[in-house]
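What follows are several structures.
After this come two complexes, each holding chain A, first together with chain B and then together with chain C.
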Partner chain A sequence: MMLPDRVLFDFFAAIAAASALAMVTRRNILHAAILLLATLLATGGIFLQLQAEYAFAAQLLLFAGGVVLLFVLVAMLVAPESLLQDASFNWKNYSISALALVAAIEIIAFVWARHNGAIWPALAALPSSNTGAVGDALFRDDLLAFEFTSVPLLATIIGVVMLAKRRTR
Partner chain B sequence: MIPVEHYLAFGLVLFLIGAGGALLRRNPVVILMSIELMMVAVTINLIAFSRMWGAVNGQLFSIFIMADAAAQTALALGIVVACSARPRTADVAKSEPAEAIQGVSDRDQEQPVASIDEEADRYAERLQP
Partner chain C sequence: MPHALKILEAVAIGFLDAILIVAFLLAGIACIAISESRIAQSHNPESAQAGADLSELLHRLALSLKAYVRGLLVQDAGRFLPLLAAIISVATGVVAFAAFSFGPAVHLADLNTGLVFIFGASFLAIHGGVLARGFSVKGAPLAGLARNAVRAASFEGAAALALISGVILAGSISVKHVVEAQLDQGAWFFFLAPLGFLLYLASSIAGIDSVSRRSIRPVSQDGEQPTDSHTAFRWPFGSLGATIHLLIGAGLAVTVFWGGWLWPFASFHDHFAGTPVELLDAVPPLAMIAIAVYCRRVASREDDAARKQLMTIASGICAGLFVVLAGVLFAPAAAIAAVHGAFWFLAKMAAYIYGFLWLRARVPQFRFGRPIRAAWNFLIPLAAINLICVAAALVVRERWDWSPTLSTFATTVIALAFALWLGLHDVSQTTAYGVEP
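For the complex of A and B:
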């Protein structure tokens, strides 16, 4: 059985667009961070549908894991009142349910794609192992660009260290 | 197979939402989240083009974008924390999260709660005719 491509795309795109709109309009920073997480997860589903598994994994680890964690920590430091429970609307149950639904569908789709070939019709031109193809391109063909990525990372490290030193002095 | 225009339209919607948030909101943390959203929208375009041409170069660009976005978010959030005037500490021994969360103001902390004996003395004075 093949899930229609269109259904998956519409599902993930609707969740991503709705969460993004809610994220931008929310006054509470913590709510916005959770909605950003929902947007990133839904976008990861679209990456998976585009058969970019490596980008999907990087999206989950780097954005949904690291960046959203940073946002939540900063929200707790800068605006601790955002942790107060909003009694007027029980948004937590809704948002957590939506997140769990998106994550479950992504996991099921991924496992299904591993076991039953493809959940959506594949293009013949794509290499079978996405991670292998990306690794080949990253570390062999475009190694110089990959190495130059370390320059902004180094600048970031220096900047963060200077910020930290300025405060302790 | 979904035509690539659908992905472009979806990326455009996300980018416009992010741009609107970055331009209209005042909260620096929400502005940073909106910038993240714009970067993700660009990433969707790149990966859709990568799928369209059957090459992985677009995915490489998306990975570079992710690395730079994470780095700039970490630095920008550090600047936000450094610029926020709120008294704060990450030392778990000094921080009082319950009071911080409940928004106990500094006024309450300047007036320490009187001990039970002092309260009793004051009450006794008030009872004196």
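For the complex of A and C:
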């Protein structure tokens, strides 16, 4: 890894890790949403550094744009008061945090074991661009699997329509 | 040591790029602010409140920055989010501009997913809007916030669908390839997907409408800014973000539908060397000198000192641009293409923005329910149908060798018929899906 790459990677990784940590410790949901945004954008920067331009753009449009917005909207519609009030801490939160910590250690140990003691696997020579490869994989090689994932989405849409119609009646 | 040099070089180039973009955006914002106030005045002579000249604009910006800094110095957690909102809505716009292509080789970043990147970055601005509204009004009704975000997202969705009709014609989401495809196919995509462009224009007008209009609220004139910094926030940053995103919308429309940096009849340029088509190269410098002379004449007739100064400056800038554009005619062909490409791109953007502002001044503003219903019941289905029609035209052209004119005409008529059907059915069946009337 070249030195500029190293610096950039460390920069993005530090932002991602720090904002992820800050996100799970915030009590205000809106603050947490903004921090999630920062995490996603920093991860997108790493994607861009890996020449994965499609993943970067999708991260920007779908996750940072769409999904976080969805979170914010759902929080506003379902529990508007929770945005302005602080959530109370109880033993559940601590136990969940402990579980998350265990999972994180597990993942790090797994990567460590897999790559013979190096947490960051050496990067292979990067292709100049892999947008076309993504398209090939999604719409040629794995078309059936890709289309199957739309079935749960369809079910979700139908569910939403059912809920919305029931409310208006 | 070479590493250090490389880093230094990269940082320096990045810094220069950033300065260029910001300078360009500031110039664009000033132009838009001035022309918007002029258009508003010509439409409604009594509304002189928005009479923003350059000096006044700068004055307002300075006032609100001052109010802002003062607000920041007072330690208050509640002020962080409004600031963040401003940063989000402006920064996303600045970042998106890096991916535009201003000429055959004039671009800062040639992303091969350029269009998706630009769209994604400008989509992020919705977060800024949500935050700004949530905290500019104390105890704002949160459902109202959600409504605004839903509205913005709905129209962005419709605009994206309309934009894709150009993307499938090009077969690429790279800004560079989209423009080159229009050169190869011999027609701007506006002519191959006219309905797509109209839908894009309609949804961007309807989507940007409520955000920017309500945010234009003058800071008090006597120099004493409002005590509540949130009020001051609304004008400069909300409207700054909206203006930058207007520029991005214009850039997208010009890139996808109006041929980007292509000059008119670009495809014929090489086929008919030595014919009057080559005279088009003389248009940019001539246009510039004409504008310079016009500004000079307006300046000599103007009574108001500030405006006189403004027009004189504009005239000087245009004269300078004339020198550049005319001088480059004697340079190699690649330089002509680059500089004149940038000229045509910016000229088209200006034309689009003028039309956009002109239309927006004349379209009445609706309550929440109606535009959002229009988006979901009319614009989005129509954009989807238009997409299918454009794709069908493409197939018909390739399989059965229909002429582009015939295939485009036929599919546009089909899409229009669908639009008519939608419009007729829209009236009766709207309340069934939980959208409030």
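One rule holds in what follows: the second predicted complex is superposed on the first by the 111 of 169 C-alpha atoms of A that agree within 3 Å, B and C clash if a C-alpha of one lies under 4 Å from a C-alpha of the other, contacts with A are read in each partner's own complex, and residues count from 1 in each chain.
Here, contacts are C-beta pairs under 8 Å (C-beta built on N, C-alpha and C of every residue); 3 or more make two chains touch, one makes a residue touch a chain.
Treat the numbers as computed from the prediction; the structure is a model and nothing was measured.
Look at A:Ile15: by the touch rule set out above, it reaches neither chain B nor chain C.
Applying the stated contact rule after C-alpha superposition, one finds that A:Ala109 touches neither chain B nor chain C.
By the touch criterion stated above, A:Gly159 is placed in contact with chain B alone, chain C being left untouched.
By the touch criterion stated above, A:Ala58 is placed in contact with chain B and with chain C alike. In the superposition on chain A, A:Leu69 makes contact with chain C only, while chain B stays out of contact range.
Of the two partner chains, neither chain B nor chain C is touched by A:Ala38.
Of the two partner chains, chain C is the only one that A:Val7 touches; chain B does not reach it.
More residues of chain A lie in contact with B than with the other chain of the pair chain B and chain C.
Taken together, the two structures place residues 54, 58, 66, 77, 80, 83, 164, 167 of chain A in contact with chain B in one case and with chain C in the other.
Residues 3, 6-7, 10, 81, 84, 111-113, 116-117, 119-121, 123-124, 126-127, 130-131, 134, 142-143, 145-146, 149-150, 153, 173, 431-434 of chain C touch chain A in their complex.
Note for the complex: chain A touches chain B at residues 5-6, 9, 13, 16-17, 20-21, 23-24, 26, 29, 32-33, 36, 39-40, 43, 46-47, 50-52, 54-55, 58-59, 62-63, 66-67, 70-71, 74-75, 77-81, 83-84, 121, 123, 125-127, 130, 133-134, 137-138, 142, 145, 149, 152-153, 156, 159-160, 163-164, 166-167. Interface residues of chain A, counted against chain C in their complex, comprise 2-4, 7, 30-31, 34, 37, 53-54, 56-58, 60-61, 64-66, 68-69, 72-73, 76-77, 80, 83, 129, 131, 161, 164-165, 167-168. Put simply, chain B touches chain A in their complex at residues 1-2, 6-7, 10, 13-14, 17-18, 20-21, 24-25, 27, 29-30, 32-34, 36-37, 40, 43-44, 47-48, 50-51, 53-54, 56-57, 59-60, 62-64, 66-75, 77-82, 84, 86, 88, 90, 97, 100-103.
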